[in-house]
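Next come two complexes, and both contain chain A; in the first it sits with chain B, in the second with chain C.
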Partner chain A sequence: MQGEEIIRVRDQSLAHLRRVHGDDAETLIADARYGFISGLMKEVMTKPAVARVTATDRIDSFVLNRWLGIPLFLLILYGVFQFTFTVSAPLIDLIDSGLGWLAERVVTVSPAWLGSLLSDGIIGGVGAVLAFIPVIFLLYIALSILEDTGYLARAAFVMDRLMHKIGLHGRSFVSLILGFGCSVPAIMSARTIENPSDRLVTIMVTPLMSCGARLPVYALLAGAFFTANRGLVVFGMYAIGVVLAILLAWFFRKRLVPGESGHFVMELPPYRLPTVASVAAHVWERGWAFLSRAGTIIFVVVLAIWALDYFNVLQHIGQAIAPIFAPAGFGQWQPAVALVFGILAKETVVGAFGTLFAGAEGTGGFAAVLGGQLGWTPLIAFAFMTMILLYTPCVAAIGTIKKETGSWKWTLFTVAYTFALGWVVATLIYQIGRLFI
Partner chain B sequence: MTEKQITIALAGNPNSGKTTVFNNLTGARQHVGNWPGVTVEKKEGRLNFKGRRIRVVDLPGVYSLTAYSLDEVIARDFIVDESPDVVVDVVDAGNLERNIYLTVQLLEMGARVVIALNMMDVAASRGYRIDVPELSRLLGAPAVPMVAARNQGTPELLATILDVAEGNLPAAGMNLPYGRDVEEEIVKLEKVLADRPGATLYPPRWLAVKLLEDDREIVKKIRQV
Partner chain C sequence: MLKEILKMFRESGGPLDLKALAAKLDVETSALEGMLTTLVRQGKLREVEVGSADCRACHSRLTCAYMVGGVSLGKVYELPEG
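Our next item is the complex of A and B:
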């Protein structure tokens, strides 16, 4: 490539960064250096108390405090889910009733199979997934703001101490937090971890972080069974994911891939007010992935579910698998089918429910259908949600694990252990919960 | 002696004690000239250590490695063009945070850096406690505490230089992460830089960063391709 062309590519990059951040790339790079250095200084130097205290120092004295840091992080995470669900609930209801209205109009289309395809398959299935757009986008807005202000870097810094104790590093935690968005970029971000053992373990536990695709499933079930406490229940899912990811990382690091842990500096960039353009760009980048999946893989999978159901094949498949899940409380053919197709893309669990229980409108409608037809209790819904959280990652994530580790052995191991973990935890929740409820 | 001569470059901020370190290393065997094409003084010295011949080139004292000043361009061109076996970065331990900015930039260039952590006495008198092994580990560059004004630490510095030059001590370096958005653009630029005919002396990642920083010397060089 000729020199002028390289400069043109460079100019596009500069324009893009300026649009997203409202700042020169030069400033961003200098900030990255200063962030690195201030993190380095915190780790290697102790100074006697200084007179000059910046606003960043003052905020950091709380946020990075040895005792306050982790509780504050959990509190902020909890706030994010409360915000996400409170604001999105009326929007979801609005979309739901709109889709319900539409489904009633098209169900009468003839021939009958076409009416069913349109109302049960497309509107019931794909629509059920699309109804959760507000939750997804609001969560992404909240995460992008936390990222752009510089808080996520602090969260990783705070977790660094804990991560060292389990033989990993704070940078692994950065990958885990990115896993809240989508496992695929999160797994790829483990490239910044130079130590191969640290990197492998990080990749193996990242799928346990609750990604955006699982959120519609929680939103549906928590909305149906835990109306009053849905924010808390969903926060619980995310917390279970984080805790298990850390516990398993510790276990894997000790038993499967021992060796010394790498050392890095945790960057501490100065706090910034996020720009609208930057948040919008990050939200769009993450949200677009969700929308395009809804139009492609989810669409195809939901249509496949509809077709198999229409020709009465699906029930037989589901009934063959369902007994496996009986100990966890959800041993019916519909959830079994949803779990199988969920491996293609986790959102399709909602799509599958939408198709199989077509006509159930809104989260209230699903509560009635799941409770009435399947006999689900809040306990079973909770166990099912933990299964969704923990079991086998979606094919896109599995493919990324293979690509990044270059090893079928570790990829298949991850596929297998996550399934076992999901099954065991869901079963424990159901069996122990039953004793009390 | 048949041993290959080792070339080391001495970098550091102004007032970091770089000249004192240079004098401690080379003694009277100094030679003063000019950098090619410019009227900036270039000092070189020689010494023998453990049977090796070592050539020491004193780079201009700089705070950073941008293209804004001639001194900075001279310093970084020497590191790229002459690829010295070791770059000794003289750091004022009493102003560690400000001085380490240059260290980070040297490491970004992929130089094999040894940190001469000078003025440890000043740092101690100000009550600063520096975890030197941790600093070395985190930067991927060995650091030698010294007090050049009292000629303390020179033998240790020389031994470390030799270890790095001969590959006995890995100077691992580090990859500074620039944030997700900037990293994406770096990857794009690295790719188009790799497609360019004719290899370059510069590490591609560093070149990409300099292009994004709109470094006028690098932009000029790329335009000429």
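Our next item is the complex of A and C:
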């Protein structure tokens, strides 16, 4: 009987506390305890007149600054591409020369089809992708340094603030920044966004970010058509991806999946000096993944392209699709075929060019063959790069979108809207550019 | 104090970093971490590690992985849905 009385009094007290203070007892006790500790500390502690400013505080006063944060992020991104392309250019030329020498040796192998397979298919196709290994490794060195120093977390935080201002979930940008590496883990990272509308919008716009697989395509075309400004042009591709992802996210949030977005507090890690061992481990891990793809999916796709081309099937397929891309300036069968195979893995666009234009050595060789044979100008190359940036995600990303959204409707919508967006933007660039150039 | 933190979350008008929130509340960062942990334990806040997943265990790694080791971008606290 006494026990029941205690429980009754307890329940009455809890109800009273909730009625008067609007909260449960546990919160009120913790609140009072922290209030007491805070008051006590203020009474007994004497803070120095000048607060201790750490190196992290000093750097953050610039990096997280409301006005300087975003320009600084763009400047650092630009610096990353200048570093990547300046250092990698002679290495790419060296690899290209080596592959050219090798292709000349194997082209005479008999029977003729085997010689063609080895020189045009394997060396021309897979080799064209592998020639860009220096770009990939150098970009990963730069990204690993930014990650290990703690800057990448701050870049995401700074962009989050911008996202929030236009009514989006701030944490969406974390997924977008991860998309610089690969869309698949970036799409998966949206799982931690609790609000279903925010999660869906983040998943739908993440493929617009320039992943590592698109980089060899940019490197090839920027090297061929914008030799003096290739770093700037590739930076432009990344910037177009970021801007369009933010604009599209805003549009989808307003029109397709409206709702409120929440706020958050981020615990930023202190700045650290990256160690050589840590950066090397990251770069090797990611670089090895690129090499693995070159030896598996890219190898198989390039072989398929070579076989279809060798038996004169590819040209017919390409010619049927090519007129779709004529308004964007690249209405020839070779880029049409490259775009179709690019959906399997974006690097295969380079592999396709390498096979279809076998003998074109280095970026200079591609500039000559694309300019001479297809009549491409820098404007068309830029429009094509924009198409590569924006059009349909690769099959691995499409599969991940289906898995994460659990919906064929949103998956097919993403496939369709990205293709339409790529086509519209590339066409606008070409048609408007033609008026001035 | 805890109510004040929750109020700041609702009215912040955008993301905050932990140090900025501690300065606004005029408390030490370490003390604020303790308060946030309490709120997380009570289910009034969510604690989320942000970054990409570690792809090394994924069966389709060869066809997708670029960030194979995963990337950690820190920790966030946010109000739960609803």
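Quick note on the criterion: the second predicted complex is superposed on the first by the 386 of 437 C-alpha atoms of A that agree within 3 Å, B and C clash if a C-alpha of one lies under 4 Å from a C-alpha of the other, contacts with A are read in each partner's own complex, and residues count from 1 in each chain.
Criterion: a contact is a pair of C-beta atoms (placed from the backbone, for glycine too) under 8 Å apart; a residue touches a chain by one contact, two chains touch by 3 or more.
All values derive from a computational prediction rather than experimental measurement.
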When the two structures are overlaid on chain A, which partner does A:Leu94 contact: first (chain B), second (chain C), both, or neither?
neither
Does chain B (first) or chain C (second) touch A:Ala15, or do both, or does neither?
neither
Partner chain in contact with A:Phe290 - chain B first, chain C second, else both or neither
second
In the overlaid three-chain picture, which partner chain does A:Ala186 touch, first (chain B) or second (chain C), both, or neither?
second
Touch test for A:Ile37: chain B only (first), chain C only (second), both, or neither?
both
Applying the document's definition of touch, where does A:His164 land relative to chain B and chain C: first, second, both, or neither?
second
Who touches more of chain A, chain B or chain C?
C
Contact-wise, after the overlay, does A:Cys211 reach chain B, chain C, both or neither (first, second, both, neither)?
second
Looking at A:Leu75, would you say it contacts chain B, chain C, both, or neither? Reply first, second, both or neither.
neither
First (chain B), second (chain C), both or neither: which does A:Glu194 touch?
both
If I apply the document's touch criterion, which positions on chain A are contacted by chain B in one structure and by chain C in the other?
26, 31, 34, 37-38, 41, 189, 192, 194, 263-265, 267, 269
Touching residues of chain B toward chain A in the complex: what are they?
96-97, 100-101, 104-105, 126-132, 134-135, 137-139, 174-182, 185, 188-189, 192-193, 195-196, 209, 211-214, 219, 222-225
Contacting residues of chain A [partner chain C, same complex]
23, 26-27, 30-31, 34-35, 37-38, 41, 57, 60, 64, 147, 152-153, 156-157, 160-161, 164-165, 170-171, 174, 177-178, 181-182, 184-186, 188-189, 192, 194-195, 211-213, 262-269, 281-282, 285-286, 288-290, 292-293, 296-297, 345, 395-397, 399-400
Touching residues (chain side chain A, partner chain B) in the complex:
1-7, 9-10, 13-14, 16-17, 20-21, 24-26, 28-29, 31-34, 36-38, 40-41, 43-48, 189, 192, 194, 263-265, 267, 269
As the complex stands, chain C meets chain A at residues 1-3, 9-10, 12-19, 21, 27-28, 31, 33-36, 38, 42, 44, 46, 48-53, 55, 60-71, 73-81
